[in-house]
Structures are given as C-alpha cells and as structure tokens.
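The same chain A turns up in both complexes below, where it pairs with chain B and then with chain C.
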Partner chain A sequence: MTTEVYRESFERRTKTVRYLRFLEGLADTQVGPIFLGMWGTVALFSYLLSAFITAIGFGEQVGWNPIRLVRELPVLTLYPPPPSYGLQLAPLQEGGYWQIATFFLTVSLIAWTFRAWTRAVANGLRPTVAIAFTAALFLYAAIYIIHPISMNSWNEAPGHGLAAILLWTNHFSVKYGNFYYNPFHMVSIFGLLGSAVILAMHGATILATLAYNAHKEIDEIEKSDEGTHRAQLFWRWVMGFNATAHSIHVWALGFASLTAVAGAIGVIATGWLEPNWYLWGCRAGIAPGIQAACP
Partner chain B sequence: MLSFEAKYRREALEVPPIPWLGMGIFRFWIGRFYVGFWGLVALFFGLIGSAVWFWQVLFVHPLDPRNPLLNFIRGQIKPPPPEIGLSIPLDGEKGLWWIVVVFCATVTFFAWMMRQAEIARMLKMGYQVPIAYGAVFSSWVTIQILRPVLLGHWSEGFPLGVIAHLDWLSAFGYRYYNFFFNPFHALGITFLFGSAFVLSLHGATILSASGKKAEGVTEENVNQFYWDFLGYSIGEVGIHRLALWTAVLSVLVSNLCFVLSGTVVQDWNAFWDFWNKLPFWSGFGFN
Partner chain C sequence: MTVHEGAPPGAVAKYDERQREILRGELVGLVAFTILALGGVIALSMAFAGVREVSGYRAEHTYNYAGVQQVNFLQYMERIGRPVAQPSAEALQAYSEWVAKNPRTVNVQVLNKYLGDKYNDTNNVFAYMSAYFTPGVGQSCEYCHNLQNFAAYDKPQKTVAKAMLIMQFELQAKWIENIPRPEGQPLYQIKCYTCHYGQAKFWNQDLKASNPELFGVAGGGNPTPHDMKNNGITLNGKVPSSYEVVDDRYLATRPDAEGNYNFYQVTASKDTPPGLVDTYRNQYAMYHQNTALGVGCDFCHYGGYFKSYVTADGVFKWPKAQARHMQAMMLDIALNWFPQMPNVNDVTQNQNYYAQPNCYMCHRGYVVPPGAAEFPEKPVKVADPQIKPLVDLPLPKPILPTSSK
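Entry: the complex of A and B
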C-alpha cells in the first residue's frame, strides 16, 4: 500500500501548457505537459548529481573564484584517475570526482532509456525510440566503460569538460596509430555522413510534397497517396530507386544506428585487439604511397 | 513501372519545358530512369571523369598491376604541384588529369542538381531537394575550387583516391595545428552528430507508430509521447524542417571551417589566444 502511494507521487504531468509563438508556421508550438515518473526522477536526479560533482571539481580547480571559472571554463577538466590507480577507486582530487560523476551520468542515461521505453508503451507506441537510443548508449559505454576496462585503467576514458572531449578524441586517434585507418571508424563515418545525406533527402522530399500531404506519414504508410507517389517517382526518375513511406524510416534508423554501433565496435577493438591502426592498414595493404615505410 | 506511374508520366510531359533548360526532345524515360537534357550531361561528363580516373589508377600508375581491387582502394590522382599555381598543366604527370576529373565531376554534380530541379518541376513539387543537393555541391566547389583559387594554386585540392583523401584530411587537420580547435569544425561535427540523432529519432518514432502491432495509432499518440518524454513535440511538418536544416547546416558550416584554414587562420590553437586577451578580464584583476 505504501509502495503504491510512493509510486503515484512520481507519476504526474505538469498542469501548465505553454505555447512558443515564434515557432508558428514552422513547427508545433505546444510545450508540455511533461511527465515526471519514476525513471524521469532517477534520470534527472542522477544527471543533476553528476553535474553538481563536476561543478565541485571545477570550483576547487579555480579556487572558488567565479570569474576564473568563466575565464577557464572552456579548458576546465575533471580528469579520470592516473594510470597507476588502474581500475581502483581513486581519491577525490585524483580522479575520484570523475569516477562518481561518470557513475551517475551512466545511471542517468540508463534511466533515460527506460523512460523512453515506458513512456512509448504507455502511449500506445512500440519502444523503438528506446531501442534506437541503446545504440548511442552502446557507443557511450564503449568509450567510458568497456575500453577502459579492456585496458585495465580508467585513465583511458575522456575527462569531463569542453576541451577535454576534443583533446581525448585527438589523442585517442594518435595514440592508437591514426583512427583514419580503423576500418570500423571508416564505416562509422560512412554512416554519419550517410545519415546527413538521408536526412537531407528525406526532409527535403517531404517538404517538397507538403501540398500533397506527404507529411502525414503514419497514414501514408497505411495507404500511400498522391504525396508519397510523387515523392517516390521523383527518386525513381532521378536515380532509378525509391523507398516507400515505411522503408525510408528503416533506412533512417539503420544508418543512424550504424554510426553508433560501428563506432562502438571500433573503440572496443582498439588497444587490446589492435594497438596501432596504421600498422593494421599496412598489413591490410591500404597505406598508399607510404606503403614502403611500413615495417 | 509502378502501378500508379503511367498517369504521372503523362502529366509530367504536359508541363511545358523551360526553353533552354528542358530541351523537349530529351524528355523520355529509359526503363525507370528519366533521361532529359541534364541527365545526358551528367551521364556524359560522369562517364568521362570516371573513365579517366580508372584509366589512370588501374592502367597508367597501378600500384600493383595484378590487383585491381587494391589499386582501386590505394590508387590516386594527385593534384598539380604547387609551382604551377593556377595554370592548366598540359602534362599528365603535372596534374592535367586531376584538373580533367575535377572539371568533369563539377559539371556532373551541377547537372545532377539541375536534373533534380527539372524532375521536381515536372512532378509539381517544391525545389527543396535540389536546394539541399546544392548545399553539398557547394562543399565540393569550396574545397576543390574556391579554396585553391583563394590560395593561388591547385595543389591545395585533395587527391582523388579512396585512402588518399583520408590521408589528406588527416594531414589537413594537423597542418593548421589541430582541427579539433577549429570552432567551425566543432560546429559542423555537432550538426553531423545532430543529423544522426534527428534521423534516429524520426526513423524510430515513425516505425514505432506504424505496422501491424500499431493498429489505430495516430499522430496524437506520437505527440502525447513526446510531450511526456521531452515536454515538446515538434510535429509532422516541423520535424522535416528541422531535418533539412540540420543536414544542410552541417555542410555549410563545414565549408567555413575549410575555407578559413590557410586563408585567414594558420593555427587554430593560436586562434583562441584572443580569449585570454579579452579586455574585460583585466577589470577583474587578470591580465
């Protein structure tokens, strides 16, 4: 009985609904009601906790000087523990903050996935959005958890901060022999640029056939009408191939997921499986011009 | 032909051709492809460009004469050397074939854009697809033509080859110290990842609301889900506007990150020196 009362206290929607007038004619204007719920609470609470711990770490680094905080914000970093700690817990100032912040960030992302799942099911949809989100979650886990564990050191993970993420990406590539030679990275980039192409093609096609109601996609999948017909013929005449109102969304989900999943595999395979992607490129014989320099 | 196609083909031919663009006599179909004047232009220059590339990479400068697949992956046509500037070399060894292939590709891409516009017009659609294609075409023009012209030599263009262009991109980033510090690169990457994110959300959303197991599910279910989940539902039209803009901005911003490198900015790390030199820091006791 008490459990039910406890649960109900989280299951509420905001009562106020606002309207963003400046979006009129461009997109829907209604904001809210947003749902809180158990998973939303966990996600919000852990995310705030993660941000709070990061803020404490940053505050200590600038001696609690707010002006210094603003001035150094682009480069302030919560670093993971040094390699000597391996996978152990580290003291707060030596990466302990990073470990706690990362833990709560991970909890927050997992709770967010459950929120996407439960809200979809509660509103009569299948949990496809939550499943798609797990692809991004997989890439996150590969970078922040799986790769560090495979290399036996939390130091392998990126720090928390603006410049830190960019520097980690740069160093990670160089440290493991240039990621441009990582075949999974190639596939991931193919998926990423392909995503932009498919997104542009789909968005433009639907906007070009608004007059024929092609944007009513859920109905169009049930029974395609003039808008979808014109859109299909456009691509058929241009490039000899056309998707359907249903299959274009399969392409969409497939390409977007490929980006994250191939990227995650590329990160996981790095280090313990392939310590130097340039040398892999040499072995595979794909290093042009400089092939003679390969060992 | 699709079941409904014949009617639309008849209607498409009733749209009067633009005198110098439509070229009425080319308005016919081969199989499922529409031909048209611009289709023929694209086909002609596309075939020449591809033929020159394959001829150079597989037969003139093969890295391994017995292995065409390896030549395809590793082979390249290098841009002309810096000393010839912007002149047109008449010597294949000095980059003539790079100029030829880039020229053919540029004409092909332009013709392809015009072909999309022509077909959109015949189907009485908006011109959003050729406009979006124009954005990515502008990227090619910026990197291969505009930036080399600004810097005064063709050697600034990238080599035409599968792995070769990856090497060029990698080296390009470090040549200007580090591309990760290039703010327009960062913004471009943000829009690129944003594209994958929006694409994933949209694809997953529509798939979750359709199919046999989603009987009776309508737009309202999707709206209610997004109000619950994020507090905002952008709507059926809005999502496609967001889609087009995210994708198009990713290339337009990336154009900036290329064209500014070497012309205006030589070192993207030093570029950020302005931050610590902003005058108002001194007011707070920092120098």
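Entry: the complex of A and C
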C-alpha cells in the first residue's frame, strides 16, 4: 500500500517514532516524528509563557496554596484591565497579567498558523489546514483584540479561566441586548449546525462502506474504488444527489470556517455598529410574539 | 460494475478479520462514548441539582408569582432550628407588678404615634412587645428594659430598639405601602423578626468582619464587589486580581428630585461607556437576588430581553417592578437609616456600625420573607418623627402595565 511505503520511509529517516498501542481503534498508533522548527518553537514557547503567566496570576489569587488552586481552578480568572485603563498597559495586578498572557497567547496562535502553513508546504501539501485555522484565529482576534480596540477598552475581552469564558459569553450577550438576535450570530449557528450534520453524514458514510475499504479514504479518492461508489449511490437513493469524495471535504471546510468567520463579524459589528441586537431584531421585525417587549 | 441499477452485487458485505476488528473497535468506541457522554450529563445534572438545592433555585412553575407568603416566621424558625423566645418568668412577674400600677402607658413614644391610642394601654403594648419584639430579637424583656421601671431609658438596647421601631414604621409607610402590585396581592408588614429572625445582633460590621461568608455567599448568594473589596471574598473566598472594585453597594445610584433612579445601565446603547464591569457587577447583584429570593432570572425578567418589563406575550412582569422598588428601599436603608442608627456599644456614637443591607437579610430564600407579618393595623404617616431619614429620597416613578394579560 502506498501509505505503508510512505510511513516506512519516515521510520527509516528518524528514530523518534513510537507506537502507543492504547490508541488502537481511536487513532493511528504511531506517534512521531515531531518537527519543531522555528514556528513550532515560537508557538510552544509563547503558549507555555502565556500559561505560566496565567498560573502566576491564579497562584497570587489563592495565596500560593496548591490545594486552593485545585479546588478553585474552575472559577479562578485572570481579568482584563478595568475600563479606566482604556487600551493602555495596566499594572500586573490590575490586568497587566491578562495583557501579557493574552499577548503571548496571540503570538502562539499566529506562530501555530505559520507552522501549519510551512509544514504543509514542506510536505508538498496545499496549506488548507492553515487557512482553516485562520478562521478560528479570526474569531479569537475579534473577541480578544478587534472588538476591545473598537470599544477602546480591553475590559470588553473575556478573562482567562474556565468559568471566565462562560461568564463573558453570558455578560456580553446581556450587555448587547441578547446576542441571539445578532444576524451574524445566526449565520454562525447555521454554520455550526451545518458542520455538525455534514461531519456526521460523512463520518457515517465512510464507516458504512467499511467492507469496501472506504476507510482507506486517501486510496479511494485516488482510485475511486467500489466503497466510494456505493456511498455515492446510497446518498443518491436517499436524497437524490451526492457529494463527491472531494466536494464533501470542501463543504465541511466551508461550513466550519463559516461558523468562525460569521461569529467574528458578529462580534466586530457589536457595540460601535449595533449596541443592542434585540432592538435590531425589533427593527427587523423578527422579535417573537407580538413584539410586545419591543420599545 | 454498474451502480445505477438496483442493489450492487455483494451488497451483503463479507468482512475480513481486519475489518471485523475495526467493527469491534467502533462498537466499543461508540458504547464507551455513549456511556461517558450520558454519564457526564447525568453527573453534571446531579451536580447542578445539588447547586440548585443549596442556592434555593426552583423551577419556574413553582415560582410564587401570587406574592402570598409560603413559609411564615414560626415555620421558618422551626426549619432553621432556632427557638422562639418568650418573656422570662422574672420579666412576667415584674410586668404584672408594673401593669397593676400603670394600666395606662408611661413614656411610650412610638407605638401610640404610629398605631393609635390603642397603644396607650399597657397591656396592648405588652402584647405587641411579646408578639414581635421578644421573638424578633430572641430576648426577654430585661434585655432592653429595667424591670423595676419599664419606662426608663437606662439601657442602650432600648435606645437602639426605639430607633429601629421608628425606622420600621417609616419604611412600612413610605416603601411597603407604596409597592407597585397587582390587584388583590396581599401586603405584609415589617416587624422586628422580618430581619432579625430571633437574633438581637445579626447584621453589623463586627459580625461581618468575623464571618464574612455569612454576608457573602451564605448571606445571600454571590458577594457584591463591595464584599470583595472589604472582605476579600469571591465565590470561593478571594478577590479576582484585576477586578475594578468601587463602593457600589447598591444597585441604584442616588435619584434625582423627580424620582429618576439610575439603576445599573447594563444593556448597551450608543452612549454606554465601554467595558463589561457594570455588567459583571450587575450580574453579581442579580445572582444575589436569585439566591436571596430562591428564584431564577425569569421570575422578574423576560428572557428574550432582560431590560423589558413585558414578555413577548404581553405579560407584565410585576416582580421586576417590585424588585426595582425594593432596591430603592434598600438604598434608602443603606444611605439614610443605617448610618444614623445608634450603636448598641455606645449609643452616642455611630455609626456605620451596621452592615450593608441586602435582599437575603430579610428574604432568606423566599419570595415573601418568612418574617413578613400579617398585621391588621397600618402605621399612619407621622408628621414629625423623632428620627428622619438623612435625605428624604423620592419614591421611584412606578413602572405599571399599560395593558397586561
């Protein structure tokens, strides 16, 4: 098989390959070789630094007590600076930790994108993974950087912590008049649900054609063998048309990216463009019932 | 092979050993995933159910929209295992001697003013004291009174009690009697036990310093930023490192002369200042109200738009209008009454001895406080009370339904 030869050549070139048998059935058991490189190093270093600064902030909050750290971890939060600091640098205790941690987290994510890009090119692949990751990065940037800058306050960004992101999601929606009425949020949810259904359809289809070796997807795409044909026939029977082995992945990438990109646009448009999405819903005539709650 | 006509040949698959292994793996994976997911959901549900039980959350269909008291003072005292105080034998003996000599009251200054001539009769005053003061503060008569001379003011406790009684009647006349409410909803009265619940000292700075959790999490839900700043507490006992904390003890800021209270402007408009700090503060205050009254957000709010007093179906949310009124009363207590209430340790001084009032202080997890009393006589408005609020806050402009179902 082509893939086996491909793997063998790697194994000959490196001695870092390991096999983790407990992954059998869940994933490929082969681990390694890992390429670190410049972007990988920057991403890893920045991420560790960001996590370390967050840990320092948490440590201060619990008085360096490890038991309290574990017990309170779900609610510990590194908050952004208060509004009075605007977009300025704040003292460490007043949000400076958050600013430094967010800076390195951003550097880490950008470096990771470059890593995905350069590794794809080096491997002779198109950089579609990096492009897809950019969609997620765009949403991150919209929430943590672009929206706060548009509102002239880092305080608009979420804190770092497990509960913090949930609280921010709630409070952001409360402040801006119910985010569910944000049309971009609606499109984002459409993308999310679309991604879910496409992923489920695709995954189930490939598993259904197991007996015809459809689980060896790469080979199939190259050879268009029996499993793929049967899967396509199945969908024509069920819904009258079918995706190709190529187009289904384009659909999946498109829907998944739409989720993040539409969400990002929705966040960016919030505040300076539309401060109250419920009132927008009223103006658009989509508030529920008889719009009794509309002013 | 043609794939367009009927079932393809070999439609019933014959699996080789490797494929069977994969199928087994899929089966095990799916079962494990399902068990983990369902187990996780069940565990989380149980955990949240526990949280709901502790914090007093109830399902909406159990909300007490009617505003009828569901647990009264005596039932509540039984629930929390606190005895209801009665006059001691020594006090009863002293009183029987006092009333024999003084069937008409001596030096009564408050009850007769607010409740009428009936309280110039010593026995009526004693009945009131025994029914409300003694169980309210959990003390027998001698806690405040000189048993040889009930009329004397030689104990600081009596001075404090008198001030508190005036505050009680003034708050009743001004705030409770004017609360916006639907037709037919009962109106209760403030008595000593509405707040005290059988404890003489229960809400002051000393107690708060020694037991901050009583006034934070246990004292009515999540702490306010003020609690965080002064007591170093959050949900788990620590101030978030960069929370902007100011002295915003009250949901409402001082009103203007026309009764416009500036409640937190949470929902944004074009003029809303940047930052989510006000939203965080507001949410903490709201969570406090959740736990203090034992209700969810939708008790007061229309979930689609929290700012609205009307649901999408046109139903007027009376509890939101009432909560707004009560928050203004709380502001009045905090700004204009507590700061001038005499300190029992030294009645000539203050002040600011009392901890900030909050919803839990009286509500204790119920929509209608268990300590709210059904009392037949309404206090009259006294022209010149002995203690006045430091500033006479105007009543908030009432929010009333234009048309409600």
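Quick note on the criterion: the second predicted complex is superposed on the first by the 267 of 295 C-alpha atoms of A that agree within 3 Å, B and C clash if a C-alpha of one lies under 4 Å from a C-alpha of the other, contacts with A are read in each partner's own complex, and residues count from 1 in each chain.
Going forward, a contact is a pair of C-beta atoms (placed from the backbone, for glycine too) under 8 Å apart; a residue touches a chain by one contact, two chains touch by 3 or more.
Predicted model, so just to flag it, every value in this text is computed and none were measured.
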{"item": "Which of chain B and chain C A:229 touches, first, second, both or neither", "value": "both"}
{"item": "Which of chain B and chain C A:151 touches, first, second, both or neither", "value": "second"}
{"item": "First, second, both or neither for A:283, with chain B first and chain C second", "value": "neither"}
{"item": "Dominant toucher of chain A (residue count), chain B or chain C", "value": "B"}
{"item": "Which of chain B and chain C A:24 touches, first, second, both or neither", "value": "second"}
{"item": "Partner chain in contact with A:178 - chain B first, chain C second, else both or neither", "value": "both"}
{"item": "First (chain B), second (chain C), both or neither touched by A:71", "value": "both"}
{"item": "Chain B versus chain C as contact partner of A:79, first or second or both or neither", "value": "second"}
{"item": "Touched partner set for A:166, first chain B, second chain C, both or neither", "value": "first"}
{"item": "Doubly contacted chain A residues - partners chain C and chain B", "value": "26, 68, 71, 167, 170, 178, 207, 210-211, 215, 229-230, 232-233, 287-289, 291"}
{"item": "Sites on chain A touched by chain C in the complex", "value": "24-26, 57, 60-63, 68, 71-72, 75, 77-84, 86, 90, 93-98, 151-153, 155-156, 159, 167-168, 170-172, 174-178, 207, 210-212, 215, 226, 229-230, 232-233, 271, 275-276, 278, 287-293"}
{"item": "Touching residues (chain side chain C, partner chain A) in the complex", "value": "1, 3-4, 8, 13-15, 19, 22-23, 25-26, 28-29, 234-236, 238-244, 266-270, 272-277, 279-280, 282-283, 302, 304-308, 310-314"}
{"item": "Contact set on chain A toward chain B in their complex", "value": "13-14, 23, 26-28, 30-35, 67-68, 71, 74, 115-116, 119-120, 122-129, 131-133, 135-136, 166-167, 169-170, 178, 180-181, 186, 191-193, 195-211, 215-218, 221-222, 229-234, 236-240, 246, 249-257, 259-260, 281, 285-289, 291"}
{"item": "Parts of chain B lying in touch with chain A, wherever the complex brings them together", "value": "2, 4-5, 8, 29, 31-34, 63, 70, 73-76, 115-116, 119-120, 123-129, 131-133, 135-136, 161, 163-164, 166-167, 169-170, 178, 180-181, 186, 191-193, 195-211, 213-214, 216-219, 221-225, 227-248, 250-251, 272, 275-276, 281, 284, 286"}
